[in-house]
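Chains here go by letter, A, B and C, matching the order in which they are written, and residues are numbered from 1 within each.
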C-alpha cells in the first residue's frame, strides 16, 4: 500500500510542476470573430485588425485558427456539422465548390460599393463568383514563377529552344539545370502547368473556362511535357526527379546544385537565409518566349453561412482589402498586394516582386468544383510521365478519367 | 548470469548496440537542430554540428510571443504558429493525455472489477460489446462524431478528446484489468466481505494495490493512445490556444506555404517537445517499466 | 432485495461508464454513419435515400480495391517486423542484470515520442541527399549513388515499416514482457533438468506459455495496422502514383476532400466488417486457448 501511494504522490508531484508551464490569461470580448485561415501569415493580419479595433475602442476581436495543409477536410466537416465560422480564408482553388453549394454568403453589393472594386485581382474574383454574384474576395496573392542562381546561370533562358541548349551544355559538364516536385500534385500545377498555359492560352491544358470539360491532353500541354521529358533525357535533370517533393528541389537549389527552380513569390522571404546564392527571378514563358503565364494562387476570403456575426465579418474583410490591411501583408518579405492600384504605390514592392506581379497579369487559375478529385489523375499522370511514360498517351488516359470525375460532379 | 562470463559480455554487447541503434535517430535530431541552414541541407554529412546555431530554437520559442514591429521587415514564415506556441501545444497535449489516463483508469478498473467478481445477465455479451472500439475505426466516423460533439457543446475542448481517446482505450483497459483482478485469489475478497467492508472500500484498499502492474500497463497504453493521436486532435480542435502538439509540429514542419520541409524548425521543435518528456520519463521510468512487468502476483 | 439482485445492479453500475463511453462516442456515430451510407448526403441540404447505390459505387471504385490491397500488404509486412524485434528484446529484457531497467526504458522511449516527431525525423533520415540513413546505405555500397527510397512502392513501404517498427515495438515488447514475467521459474528449472538447450527452452517452454500475450499483440497490431493513416499521410502522401494510399486515407479523402459523404460512410462500414471478421478469428484462438 505504501509503495502504491508513493507512486501516486510522486506522479502528481511531477504533474503539478509540468502543467503550469504556461499560464494563459486572455480577456474575453463580447464579440469574437472566429477566423479560419490556411496560412500562418494571416496571424499578422488578425493582430493588426485587433490593434485597430482596440484603437477605435470597439468591442470586436478576431481569433485566428491556422489550419495549414489540411484546411479542406476540416472545413468540410465543420460545414456539414454547422460549426460556427465567421471568416474563412480558403485556398482559392476550392472556393468554386464551396460557393456552388451555397456555403458562402453573397457579398456582391459590399464589394461593388468599394472604389477599388475594379482593381481587385481578376482571376481571383472569377473563382469566387457565380453568375456575376461574388461570394468571396481576394485575401492574399501567391503567384508562381522561376527563381535562378546567377552564379550558375548568368542569363535565364528566354525560349524553350534556348533552355534545351543550356540543358545540353549543363549535361556535358555533369551539372543540373533544373528539377521539379513530381510527387506534389499541387506543386506541379503551380510551377509546371503554366508552361502549357503560356503556350496555349489560359484555358488550355487542365479544364476549360467553366470547368465542364477536361483538356489535359491539349496539344500545348503535351508540348510542355515533351519539352521537359526531353530535358530529362538530355540529362540536366537529377535522375530521381520522379520521386522528388517540393522540399527536395528547393533544398537542391539552395545548396547550389540546381540553376533554376519553379517556386512562388514567398521565396523572396528566404533570400536572406542563403546569402551564397545570387538570386534572380523570371516568369514562365511560351516556346517562342513572347507570352508569359503563372499560376495565380493565394487565398480567397469569404463568410461561411454558419457565421454568427456577419457584420463583424464584413468589417474584418473590409480591413483586409484596405491599403492598410494589405500593407501588413506586403510588409512581410515576399507578400504581394491583391489590388492593382497598390502595385506601384506600395513601398515594399521591389523588382523581384514585380517579376511575379507582371506574370500574374497574364496568369491563370483553373475553375472547377472538383479540384481535389482531379488532383488524383493529374498527380498520377505526372508521376507516370516523369517515371518514363509517353506524355501523349498518359495525358489522354488521365484526361478521360478527369472528364469522368467532372461529369459525375460532387454529391 | 555470472560476471565476466561470455554470457555477461554478450548481454551487454547486445543491449548497448541496441541502445545505440534505437537512440541514433534521437541523436541525429538533436544535432540537426543545431546546424546552420546550409550545413543542414548539405550533401556532406556532418556527425556533429560544425557551427552551432540556435536560430531555429529562437524562432520556435518566440512564436506567438513576438509582436510584429511596424518598421521591421519580417518574412512570411514569421508568426508560423501564430497565437499558439509550442509550450501551449505541449501543455494541451499533456492535459489531454493525463485526462485520458485518469478516465481510462477509472473506467477500466470498475469494468475489470465487475467482469471478474460480479455475476450479471448478458455479462459475456457486454464484454464483447466493449471490444467494439478495436473494430470500428473512429476516423471513418468523422462527420457523425463532429455533429455529436457540436450538439454536446464539446467542440474545441479537452473533454472531447479525453472522451474519444478513453473510448478507444476501453477494450484494452478492461481486458488488462480483468486479467489483473483474476490473478487475485477470490478468497481474499470474501474474507474482506465477511469482515463487513463494502464493495467500494474493498476495491480501493484491498484489491487495487494488488493490481498495480495492471494499472500501470493501462496508464502506459492510455498515454500512448492519447499522446500519439493526430487526426482527432486536428479535426475536433480549432482554436490556436487549444492546438495539440502533433498538429503544431506538423504545421511547423511544413512551413507557411504547406509544401516545404522546414527541417531546422522541425528538429528544434521536436527537441523542445521531447525534453520535458525525457525529464518526466526519467522520474517515472522505474515505475513504468518495472512496475508493469515486475508483477507482485503471478498469473 | 436479494443478494444476487444487488450484485447484478452493482455489476451493471460498474460497467456503466465503459458502456456509456462506447455507446455515445462510437455506436451512436456508427449508426449515424451506417444510415448515411444508404443516402446521397450533400455537405449542405437534405439527404436522399439511394439504397445500395453507395456500396455499388465503392465496389466499382478501383482506388478502393488498390487501397484495400495495400493496407493488407502493409499489415502482413509490418506485423512480422514488429514481432521480430519485440520478441528477442522482450526475452533480453527478461534477464535480470545490472542496468536492465535502464535498457528497458530506452527501448520503450520511442513509444512516448510524439508521433509527428517520429515520422518527420525518419523522413529526415531517409532524405535522398541529406538523409544520414541513405548516406549509410551509400557508404556501404548497398544502394547506388542516386538512390531514392520513395521512388518505388515496395521500398517506400519498407521505409515506413522501419519507422513504425522503431516507434511501436516497445508496446509489443511490454505486453510480451508482462507475459514472460508471469512464468514461474519452476518451468525453466524443469527444462534445464531435462537437458534442453537455450533455444529449445525458448521454443518449447517460453513461447507457448506467453501465447495469450502473443495473441493480444497480434490482435492489436493487425487491427491497428488495418486502420493505418497518419504514417503514410505524412511520409508518402500515397505516392508513387497512389500505390501507397491506405484504406483509411482513401475514406477520409472521399468523404472530406471529394465531399462524397455517402460513399465514404459505405467504405467505413465495409472496413468495419472486414475487421470484425479478422478479429473474431483471432479471438476464437484466444478463447480456445483459455478453455
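The definition used in the following text is that a contact is a pair of C-beta atoms (placed from the backbone, for glycine too) under 8 Å apart; a residue touches a chain by one contact, two chains touch by 3 or more.
Keep in mind that what you see is a predicted model, and the values were worked out from it rather than measured.
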{"item": "Touch-based graph of the chains, sorted into line, ring, star, complete or other", "value": "complete"}
{"item": "Comparison of B-C and A-B (more C-beta pairs in contact)", "value": "B-C"}
{"item": "Farthest chain (mean CA position) relative to subunit C", "value": "A"}
{"item": "Between subunit A and subunit B, centroid-to-centroid distance (C-alpha), Å", "value": "34"}
{"item": "Subunit B-subunit C separation of Cα centroids, rounded to whole Å", "value": "16"}
{"item": "Multi-chain contact sites of subunit C, meaning residues that touch two or more partners", "value": "129-130, 252, 255-256, 261"}
{"item": "Residues within subunit A bordering two or more other chains", "value": "73-74, 77, 80, 184, 245, 251, 255"}
{"item": "Two or more partner chains touched - positions in subunit B", "value": "41-43, 142-143, 147, 250, 261, 263"}
{"item": "Subunit C residues within the subunit B interface of the complex", "value": "4, 7-8, 10-12, 14-15, 17-19, 21-22, 24-30, 32-33, 36, 89, 92-93, 95, 97, 99, 101, 103-118, 120-125, 129-130, 132, 135, 166, 171, 174-175, 177-178, 180-182, 184, 216, 219-220, 223, 227, 229-230, 234, 248, 251-252, 255-256, 261, 264-265, 267-268, 271-272, 275-276, 279, 283"}
{"item": "Subunit A partner contacts - residues on subunit B that touch it in the complex", "value": "37-38, 41-43, 67-68, 73-85, 87-88, 90-91, 94-95, 98, 142-143, 146-147, 149-150, 155, 205, 208-209, 212, 234-235, 238-241, 250-251, 254, 256-261, 263, 276, 280, 283-284, 287, 291"}
{"item": "Subunit A - residues contacting subunit B, complex", "value": "1, 3-4, 7, 10-11, 14-15, 18-19, 21-22, 24, 26, 34, 36, 38-44, 46-48, 63-70, 73-74, 77-78, 80-83, 142, 181, 184, 186-187, 245-247, 250-251, 254-255, 264, 266, 269-270, 272-274, 276, 331-335, 348"}
{"item": "In the complex, subunit C residues that touch subunit A", "value": "40-45, 63, 127-130, 146-148, 150-151, 237, 239-242, 252-253, 255-262"}
{"item": "Subunit C-facing residues of subunit A, complex", "value": "72-74, 76-77, 79-80, 97, 101-103, 183-184, 238-240, 242-245, 248, 251-252, 255, 370, 372-373, 376, 379-380, 383-384, 387, 410-411"}
